[in-house]
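See structure below.
Labels run A, B, C, D and E following the written order; every chain starts at residue 1.
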Amino acid sequence: VDLQFYFPVAVGGKAATTIQELTDEYAAAHPDVKIDAVYAGSYQDTITKTLTAARGGTPPQLAVILSVDMFTLIDEDVIIPFDDVATTDEDKKWLTSFYPGFMDNSMTDGKTYGIPFQRSTPVMYWNKEAFKEAGLDPELPPATWDEMVEFGKKLTKKDANGTVTQWGLRIPSSGFPYWLFQGLTTENDVILANDAGNKTNFDDPKVVEALNFMVDLSKKHGIMQPGIIEWGATPKAFFERQAAIMWTTTGNLTNVRENAPFDFGVAMLPAHKRRGAPTGGGNFYIFKDSTDEQKAASLDFIKWITAPEQAARWTIATGYVAPSPAAWETQAMIDYVKGFPQALVAREQLEFAVAELATYQNQRVTGILNDALEAAITGTMSAEEALKNAQAEADKVLADYR
Amino acid sequence: MSGANKTGVTIDIRHLSKVWRDKAGKETAAVDGVSFTAEAGKFTVLLGPSGCGKSTTLRLIAGLEAASDGGILIDGKDMTRRPPTDRGIAMVFQSYALFPHLNVEENILFGLKVRKVPPVERAVRLRRVAELLGLQELLDRKPNQLSGGQQQRVALGRAIIAEKPICLMDEPLSNLDAKLRHEMRVELRALQQKLGLTMVYVTHDQAEAISMADRIVVMNGGRIEQVGTPTDIYDRPASAFTARFIGTPPMNLIELKRGLRGWTIPGTDAPLPLAIDPAQGDTALLGVRPEDIRRDPSGIEAVVEAVEYLGADNLVDCRLGEAVLTARLPRHAGMKPGDRLRLGWGDEAMHLFNSVNGERLPLTGQGSAPTPKHDAAKQMASS
Amino acid sequence: MSGANKTGVTIDIRHLSKVWRDKAGKETAAVDGVSFTAEAGKFTVLLGPSGCGKSTTLRLIAGLEAASDGGILIDGKDMTRRPPTDRGIAMVFQSYALFPHLNVEENILFGLKVRKVPPVERAVRLRRVAELLGLQELLDRKPNQLSGGQQQRVALGRAIIAEKPICLMDEPLSNLDAKLRHEMRVELRALQQKLGLTMVYVTHDQAEAISMADRIVVMNGGRIEQVGTPTDIYDRPASAFTARFIGTPPMNLIELKRGLRGWTIPGTDAPLPLAIDPAQGDTALLGVRPEDIRRDPSGIEAVVEAVEYLGADNLVDCRLGEAVLTARLPRHAGMKPGDRLRLGWGDEAMHLFNSVNGERLPLTGQGSAPTPKHDAAKQMASS
Amino acid sequence: MEIAVDTSRYDRILNTIGAWALGLLWFLPLIYAVWTAFHPGAYATRFEPFAPLTLQNFVNAWNAAPFAHYFVNTVMLVTMVTLSQFVLCTLAAYAFARFEFPGKTLLFTLVLLQLLVMPEMLIVENYQTMRVLGLIDTIAAIALPYVASGFGIFLLRQTFMTVPKELEEAARIEGAGTLGILWKVYVPLAKPTYLAYGLVSVSYHWNNFLWPLIVTNSVETRPVTVGLSVFSSVDQGIDWSIITAATLMTSGPLLIAFLLFQRQFVQSFMRAGIK
Amino acid sequence: MMGRREWIHGWLLLSPALILLFAFTHYPAVVTFWASFFSTPRGKRSAKFVGLENYQTLLTDDKFWQVLYNNLLYAGITIPVSVALALIMALFVNSKLHGRGFVRMTYFAPTVLPLIAVANIWLFFYTPGFGFIDQVRGLWGAGEANWLGNPDTVLGALMVVAVWKEAGFFMIFYLAALQTIPPSLREAAAIEGSSRWTFFRRVTFPLLMPTTLFVSVNAVINSFRLVDHIFVMTEGGPDNASSLLLYYIYEAGFKFWDTAHAATATIALLVLLSVLAIGQFFLVDRKVHYR
């Protein structure tokens, strides 16, 4: 059986080689299956390539694509639910072996469309040295919003001209600000969209409140750089002591560990009304336009690669969160965590994690939210107004899907 | 050259016209209903003042411009709308049109390479042409490394080497020095005759025209003034225009008035021995070539106004009554402005033209010349 | 022209050289240690065969090329390394160098606009120049819509209108017809004298050189052959090169041999009445100008080989023993190949040159000329 | 011209200063790239004169993808594209510059239209065409949509229009046919333009990413940009050290080629001779 | 040059290029045009004819108008600046200069470097605090500035990148054209005493017109087409302040997979560009002097 498998790389160079190794290993063990693992660029490139190929009549048999693009893929009618092929009891058990926080994004209508593979969640990193300098306990990260503000004020340093040389906090807001913002809304105990993916809650007062808090971090409290904060430069800013605390993905763990010139800590995002964070990252999908044989082989491959041993290797190589509890139980993982306990934080946070904002026409709807967030952050609109507009627009887009 | 034994072909130009239209829509007829024949194997020269349409005519024959009207027959076949390649021509451009990216050798051989002449023959022909034109030393220079005259020789070489039955040349010698030009004149003429080329040659140098041409076509303002052999044109110019145009220095043209006693030069009293059809009116133009004017004790009195030294001769401007005549006198004659002398000329040296339309008038009668001794003088000069 | 009353300035050329180096590193000396002075307000002509370095010399004077060696003083100031603008020159380029995107008027006025001459004056000067050159009708044409001669006139106009103290012209009349050229010659000379311009003028036309120049510089292969007034050069050429180069048709040069009875033309027996310093060896070159040769019953016998019709005259190639001489004979003489005749020339018509290095030899002795009647003949001809 | 100059000495100094100042400004990103690529990551944002040098960034970049293979592919791709562009665009440009035929303006408009149409818009349709042609995952498929380049046709047309017509006439008289004239007169005279176009076209296709990514799947066909893109995914923030190292590694050959070829511009192969 | 033959030759010369152009440009373009009258097909729901509805949607989309405004502003500034700079650069490196080859390379380097990589470098330059620009500004005691994070400055920051990228690209064409101007014209002008500036204004520049036409048509087009740096640097943000038309189309097409909307916007862009670029071409072409 020939299988074509598109995968993206979103974290550093090792990911591609690891996937290649894993597929080669699988192919060696299954001589009847040939897997052509095709590197397809970033997540965005991957879905572009996939849909272009699908429309051109030659889709891959399986691919790793953002979990939030599930609705898009359903909408385009190019993928099948795993329930169609995972029919044995063993398969069904396998479907339930992943963290529910990840499965939220992989199911709709009671059917499973995606299998979590390279998944992540945002966490908080802090600079222990900076904490010490500011007279804070370096081992004690802020646990609540209030603490975060309080610590942040202490951590914000200015030079003689009044120019800030170190910000207390950095929550990047470029590109896809909704993701980290979803951390705040979740903590404020509100969800942004329903499970069916056809209704959003952007103008909920709690969302407004969360956004106001985010805006106030720079405007009122002065602990975060004003304006849009670049996602890509965030780790570097952290290393350069531009910011003492940063929020970013667990995917950065390896990077921070290797490059931070100081002792750092990793913690769950601080709580407000509750603890919480969104998940993120990519799922496996199986494509419709394949023979049954191919579908079965694809399923088998996915089962193999998400099995604990392989998942552990993948996690260790890339820093992504292993998607099933069993993976964390493997010896490799246990050894890894022992040497690097910060890796555990993500797993612990999964307990509180919610689905990443995903709806039909996902990118358009999140785009609307992004625009609203950016408008509020840059001060062109009040949070309330921006979110109200965003909700109205989202309603317009999603009306077709109700 | 190499075994070529072509015989030129006849070119027939019939009522050919070329009109340029500028942006404002104004039309200029560069060539205006011209008809003539360049006979097979003959040397035809187009002569005329700057801007009279010589180059345009040549370009029409070459097929580089589309005729606005009329036709061109080559070897009896209508070629008016055929591309240049089909016409069997070689051409020297007035502006040379050398390929700036090719060196001299490549420029000269361009056509032969295009026509896939075998390398051995190319080499042979190249050697001959380069020698003929004195370009041996320059073969690997680019045009921008050549002097003006050298460029012109390259352009000439490119045309000569082609050995086409028709050769069109647009002022091919204008940038050469007198010596080289004289040599080239002889060489070109010999070559043309040897190969039996039909040559159409544009020049503004009448020494060239007269010495090389079998036939001269004199043009003016896009039209033909006269077609004839060099002697025809020199000795019997058909119009005042041709008369003044041919000859260096040009023919003197003096307005004559019919007086009581006959035709006189205004300001002088002795009537000239002329009989002109009275229907021609009361004025006429008398033409006398400077070289036909001699000092003649019994001639008309004149005052020297200016002397131009020309090496071999002096050109002496003399006032006769109200007219000024230029005479070519021997250089050792030692004349200076203010000198008085008497001038005369032979009967057959006189040309008469209608003073309105410039047409040649027949000399219908014979009176007594003011230079009774002219026969003797002629005798003497050619002794 | 308009109130300009400039007096030209002197140009001193001192040991000027220009070496071209090609890609292979081969060097060509286009100008090779040239020194001469173009005097203030005088008309200096550079004359020489194609490729001898005339244009290069002119471009060096203009500052368009950097001298490889030597210097240029203008008005006493060393200008060797100063840019063209500082030298106060106007120039006509051999290739015209017209601005292709500007029309005739704009081309001519280019310099005046650059120098911010007020519009009123520009218009006045333009009108004069256009009239002088017959360009009135063409003022709004682009160069590519002009004939070759018209383009040349525009280039001339651009230089004339500048009214700079120095004017450099590189074959400015080569594309004009004889009539226009003659007119332009007179006009340019008048203009130059009126404005007191220092003119350096390159031409290959010696009629032009001789009639216009105050001084002629004859160049050959990058070096100067002779500097002198037109009469000097024509009447006493300093070398065989100059002798052959100046004059149309050129001077006849015949190799003489010292025989038992004196100097003879090989193949003839009558010795010529010459006395040459015996130190010069046994051969010498005798030069005689074609126009100095006459039919002379007591002269040397000759056979006509070819006759070239030139309008005003015939050029007759005659064989004298082993030598061939060209004689300019009157056109009505009616000669044809094969005719026999006797030719003679005056003593002062003879020029002698060293047959090895071409230097002029003094005529130290006088014998009896082969043409005893030459004085009478001269008398007659100028009667 | 070799004007015997010294007034323009100041001119020349000013000129030199201006040119170099602008040059350095323009070069800043590349200077930064060189700095970062040769220093450990910690110095990517700090410019200390004596920071330690390292080649590790290049080693890491080289190992992240089969670059050797990709280079071969890219070189094949740009050669193929550029050569076929030269041929096709030359023919078409010549027709537009020097021929009169009905529909010329319309066709030229259509060519210009290609300049306007962005390649992204055509991806889906062209992918289908390639599949029909059976060219998916071949270098030809990457090249084909770009071979008839409106840009090239337009550029060469502009150049051909400035070639003196006499030269064509002279060649025509010598018996050269349409293609002969094109090849022997226009092409050599347009050499600077071909160089310019070649450089630009090579850099464009060297750096083109999205279409090659989509239409190819295997290491045997993919160009270096696909390898390069591994470093520019920003999930974990930007690692400038490795991006710049990879960039220098992939674009280095181009920069060197440019340094070599720009000399050709200097040579005045097309001077004078043209009046 | 004679009638019919010339036609045939003309067409023959054109045909290879035209066939490919039709196959890979015009046919897809027509499909796009056609698609703009249909709704977006999504999986099970196939496209249905909607007439001008898509256009109506487009014209009532505030974001479209904002993006259009951004783009016109962007074009209005980057085009003249980059063309002028290109010309200056070409003149610089066409004259005698020490290290001319190197200077040429510096100007041309932006064209050679892949935009994704370069955009990342620019991203660093613009980064507040420790970014290159802020480090330099820091030397003067200035505080940090968030160039890309502020809607007032972000478009300007992108314009700088565009000019940087484009100027060297256009310079190459100017440089090639400068090489074909006969030196005798400079000589003639030098004799007339014209300064470098006058010579440039009165001779060089008019003779460069064919190139300027070429370059400016391309500049117009590129100012609407070159958006790669937006992907890396701002993704159109904040709040669309740096979004340009093509990015908008790209989002509609490849992020929202709303192909009908993308097609419609594409057609709008094509019409706009045709008017600007092709109109410009035909307007100017007949006035240009081609020698």
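The criterion applied here is as follows: a residue touches a chain if its C-beta (ideal position, glycine included) is under 8 Å from a C-beta of that chain, and two chains touch if they have at least 3 such contacts.
This one's a predicted model, so the numbers in the text were calculated from it and none came from an experiment.
Comparing per-chain C-alpha centres with the mean over every protein C-alpha atom, the closest match is chain D.
Pairs D-E and C-E differ in how many C-beta pairs touch across them, and the larger number is found at D-E. Averaged Cα coordinates give chain C a centre that lies 59 Å from the centre of chain E. A straight line joining the Cα centres of chain B and chain D is 56 Å long. Centre to centre, using the average C-alpha position, chain A and chain C are separated by 92 Å. Among the residues of chain A, those touching two or more other chains are numbered 48, 175, 232-233, 236, 240.
Residues of chain C in contact with at least two other chains: 63-64, 83-85, 95, 97.
In chain E, the positions touching at least two other chains are 1, 120, 123-124, 130-131, 182, 184, 187, 190, 254, 291. Chain E contributes residues 42-44, 120, 123-124, 127-131, 141, 143-144, 146, 148-151, 234-235, 237-241, 251, 254-258 to its touches with chain A in the complex.
Residues 1, 6-7, 9-11, 13-14, 16-21, 23-29, 31-32, 85, 88-89, 92-93, 95-118, 120-125, 130-132, 135, 164, 167-169, 172-173, 175-177, 179-180, 182-184, 186-187, 190, 196, 210-211, 213-214, 217-218, 221, 225, 232, 246, 249-250, 253-254, 259, 262, 266, 269-270, 273-274, 277-278, 281-282, 290-291 of chain E are the ones that touch chain D when the two sit in their complex.
The part of chain D that touches chain A in the complex is made up of residues 41-42, 44-45, 60-61, 63-65, 123-124, 127-128, 130-131, 136, 210, 213-214, 217-218, 226, 229-240, 242. Residues 1, 3, 8, 11-12, 15-16, 18-20, 22-24, 26-30, 32-33, 44-45, 47, 87-89, 91-92, 94-96, 99-102, 104-105, 107, 109-118, 120-122, 124-126, 129, 144-145, 147-148, 150-151, 153-155, 158-159, 161-164, 178, 189, 192-193, 195-196, 199-200, 203, 206-207, 209, 225, 228-229, 232, 234, 238, 240, 243-244, 246-247, 250-251, 254-255, 258-259, 262-263, 265-266, 268, 270-272, 274-275 of chain D are the ones touching chain E in the complex. Within the complex, the chain B residues that touch chain C are 20, 22, 47-51, 54-56, 94-95, 141, 145-150, 152-153, 170-171, 174-182, 204-207, 210-211, 230-231, 234, 244-250, 289-291, 294-297, 308-313, 328-333, 377-378, 380-383.
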